[in-house]
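Look at the two complexes coming up: subunit A is in both, with subunit B in one and subunit C in the other.
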Partner chain A sequence: MRIGGGDPLEFIDYIRENQDVFLRLLSEHVQLTLLSVLIGIAIALPLAVLASRIDLLAKPLTWVAAIGQTVPSLAVLALMLPFLGIGFRPSLFALTIRAILPIFLNAYVGIRSTDRAVVDAAQGMGTNGAQLLLMVELPLATPVIFAGIQTATVQNIGLATLAAYIGGGGLGDWILQGLAMVDYPVLLAGAVPVALLAITAEVTMGGVRRLVVPEGIR
Partner chain B sequence: MITLEGVSKVFTSHGQQVCAVDDVSFDVAEGELVVLIGPSGSGKTTTMRMINRLETISSGRIMVNGRDLRSLDVVELRRGIGYVIQQGGLFPHFTVADNVSVVPRLLGWSGDRRRQRAHELLDLVGLPPDRFADRYPRQLSGGQQQRVGVARALAADPPIILMDEPFGAVDPITRKQLQRELRRIQAAVQKTIVFVTHDIGEAFLLGDRIVLMSDGRVVQDATPADLLRHPADPFVTAFIGEDRGVRSLQFTLLGEIAEPGPADTRANGVALPGSLTIIEAARELGKRGPGAGAGFWISDEEDQPTGYLSYQRFAAVLGDTIAGDHTAEHASEGTDGIPH
Partner chain C sequence: MTALHRTMRHLGRHGRALLVLTSVVAMMAAVAPASQAQDGTTVTVGSKDFTEQVVVGELLSLLLEDAGYTVERQLNLGGTAIVHQALVSGEIDTYVEYTGTGLLAILNMQIPATPMAGATPDMASPSAATPAASGGTDAVYEIVSQEYQSQFGIQWLDPLGFNNTYTLAMRQEQAQELGITKISDLVGVAGDLRFGATQEFLTRPDGLPGLTQTYGLEFAESQGMDPGITYQALDTEEVDVISAFATDGRIPALGLVTLEDDLGFFPPYFAAPVVRQELLDQDPQVREVLNQLAGLIDDQTMADLNAQVDSEGEEAEDVARAFLEEQGLL
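Showing the complex of A and B:
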């Protein structure tokens, strides 16, 4: 057992010694996060547009999204076990559910809070529904929509560690292993890269955001 | 050009039926600027918004060029009607030139044609395109944004323009300037304009006709001069204000009371632009001191003489109006035919 005492940077040696495994776990982790966020966008954005267009749908959709957010991810994993089994796919499923809410809510609020005067002017000039959405509402909502995607990404980098519980892979494997064996270097070899990944994602997306947001509202 | 026939608008609010516009009828002739005025809640904005169908009509009908609005495609209709609103409503993520080009873009004009048109219009509203075309709205002052709003409404050369308190959110000095500019632009483009305001001064300055509304109804529909001379009831009088005589001086333009002048005196003498109000003209004459001759010339924008006014008649207009009982036009009738 290696508790305390030892070199706190010992985990770096562990990563170096197990480079192949590390790269596999890292790649699984990134895939879980990216795929869950991309699928989340593909589901949440159209739903948000729908909710912004049809008032009756707005409340139920918001509720469903909120429920998705409040059910603990571990519970989703457990609940889905009989249907999806174990491994990568059920992990992706659980993470996707968690990605939907922040993206949906931000997109819905972003579209709905477009300056009423701008929308009124656009309608008064004869934009049809699609033009209003594509020319005015979505571009003006990009900062808020993007913030939602950023939140979902950083959150899912953390949540993806739970995939290890059902054999979904990712850096959570080492964290679980380190916890189970009270082996801090192994634990840190999983946890530190996850933290760095989250920080990297936050910073990178901050840069991307500047490219995505239209110039006039930056 | 635009005809409203018994138009009403009923809203349902908290289960209660509220009649925002009640049996309103009036016409707007081609090239005419009609001001809808009234206190807030009088239904003037709702009335205007029914013309481009941003509000649906509950009963009655609106005809544009003899065709019932409801028979027209709503998107097509709106692209054919310029629209200017109080808060500007410029697209913050579009440059000034792109903002001006929104309707041309919706109509599928080519990029070159759009740009050329945008530059023309920016020139027209006094924003040099080489300085302003590529700016974003947030880089403009409120007054400049409203100018862009006016240019945008003119972009596809629509015959009709609706203006909803377009100068209500800018400071008084800029407002005055914008009002004068609009008068100049309107003289050049001759659009059919429905203009909503709650500022009676603005109504007198800009309106060919004023439709005064209260509680969703039309209280009086008259020219500015008639509104002053013959207010329909105490509400009108109260709304216009007590100092009617002085007001009429502020809003009567020299050009409106000019007469054909004697041909031989054209060469010399004082000339004043016809766009001055009577009060401004009096101030201007005071500054210059009495000129040669018995009157002065009234000139148009190109400095060409368009009419003549004798000092005698000018004094009569001023004096009679300040005395209170008559308006400028009224008083002048008695001194007709004495240009010298």
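Showing the complex of A and C:
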């Protein structure tokens, strides 16, 4: 063990020497993040639409989503252990819970904050409920909805490191190993790629957002 | 001066009284630590982040408190390297380390005269393994004592008695089914078995890297996880073999079996307090207080104490206190 030793830049060599492991950890990390955000979208978007249509549901749904956000992910991992065991599945579960709130809140607020005048105009032109949602409210809310998805993604890239506590793999493996041994190159070999992943996600999704936002509100 | 006067006038009578009171309190606070140091030195006790470490950390703390020291507990700090660094930098004064861990993980040295990591598996001479467990014990203690003193200015006190060696554990039924009692029995079947271990074990030289080399083992997969979760994962059949500590109370509690280290790969891990030399110079009595524990705790006793915390849900401090009272040390 090199106690606190080693040139920090050695982490690049460490990644090179352990390329197979690195690629496996990276792919586990990306899978955990992507899947959790996709499932998060599938759950949160319909809920947000529901909440925007039925006022009574808005508060309770927000509370439930907020609870999911506040319960520490480590606690979720521990609580789910008897049901989901260890490894990939419970890690995915904990991350999905975390993805729901930012996506739900942004989508709900986005839909609700559509200009009243625009809604009135649309209704005056004879749109029905579904048309109003699909052709007016959702398109206008796209930037806000997309910002929620972006937040969830960047957040979960960081949180996915927790999977290393329950055999879920990912780059957290190296972070925890580096921590346990105070071996900075190993620690950085895990931490730096996580940071780069987060930045990459932020930048590319920013670009994608510009593409998906309807021309009229760009 | 005028500025001060003006300020004082601004404060009014109550304000001035408050100012005087504050200064008195501040003066008392400044004096207090000095008078305390005369009564008894403050000793900071640390520990690693698993049950046994917290229990022995409490043992040290309670004995020191009983001898009149003020003890600050920094238990459950983290893994080996973190606690070691805290000791070297003087943030803690003492914790309990294991000889083998000191030798291999901290000093990065090899076990004297035994087949160690790097050696090829040598099934033909199992006799070479025995000295690792018996003869090597004193040798390892000697080496870590000397090296810690010269490299870090840290003293090893007398060993507590137990040897908390690393071991591999399996579920009893599966071990019986496959006819596995020792680690070399795993060689043929490891390819069908899943291995779970702490992240530390996966990287330590006296962990999986050395073990696989010495025995020629190749598990189907190995997953790293939190120490506590390894036992749970084994119990719920998510993994088949885990890294474990010989004195862990959960081994009997969960009906697990440990595998004999028939090639003598794991070094002896006798536990002993390590103390900063500076503290011992300043207050030589610390050594006598802590050495009351010398040879007092054998493997079985330590496993029992651990089980009281892990399986019966008792507080580490209560378990430690009850043990010391039973021994007539409190």
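Annotations
In the analysis below, the second predicted complex is superposed on the first by the 213 of 218 C-alpha atoms of A that agree within 3 Å, B and C clash if a C-alpha of one lies under 4 Å from a C-alpha of the other, contacts with A are read in each partner's own complex, and residues count from 1 in each chain.
In the analysis below, contacts are C-beta pairs under 8 Å (C-beta built on N, C-alpha and C of every residue); 3 or more make two chains touch, one makes a residue touch a chain.
Just so we're clear, the structure is a prediction, and the values are computed from it rather than from any experiment.
When the two complexes are overlaid on their common chain A, residue A:169 makes contact with subunit C while staying clear of subunit B. With both structures placed on the common chain, the touch criterion links A:186 to subunit C but leaves subunit B unconnected.
Of the two partner chains placed by the overlay, neither subunit B nor subunit C lies in contact with A:208.
By the touch criterion defined above, A:134 lies against neither subunit B nor subunit C after alignment on the C-alpha atoms of chain A. Touch criterion not met for A:79: it reaches neither subunit B nor subunit C. In the overlay built on the shared chain, the residue A:66 is in contact with neither subunit B nor subunit C. Applying the stated contact rule after C-alpha superposition, one finds that A:177 touches subunit C and leaves subunit B untouched.
By the document's definition of touching, of the two partners only subunit B reaches A:217; subunit C does not. On subunit A, the surface touched by subunit B in one complex and the surface touched by subunit C in the other have no residue in common.
Subunit B contributes residues 52, 54, 74-81, 83, 85-95, 102-103, 106, 136-138, 149, 152, 162 to its touches with subunit A in the complex. Put simply, subunit A touches subunit B in their complex at residues 115, 117-118, 120-128, 131, 135-136, 139-140, 214-217. Subunit A makes touch with subunit C in their complex at residues 1-4, 81-82, 85-87, 164-167, 169, 173, 176-177, 179-183, 186. For subunit C in complex with subunit A, the residues that touch the partner chain are 78-82, 84-85, 88, 105-106, 108, 196, 198-200, 202-205, 223-226, 229, 232-233, 236, 238-239.
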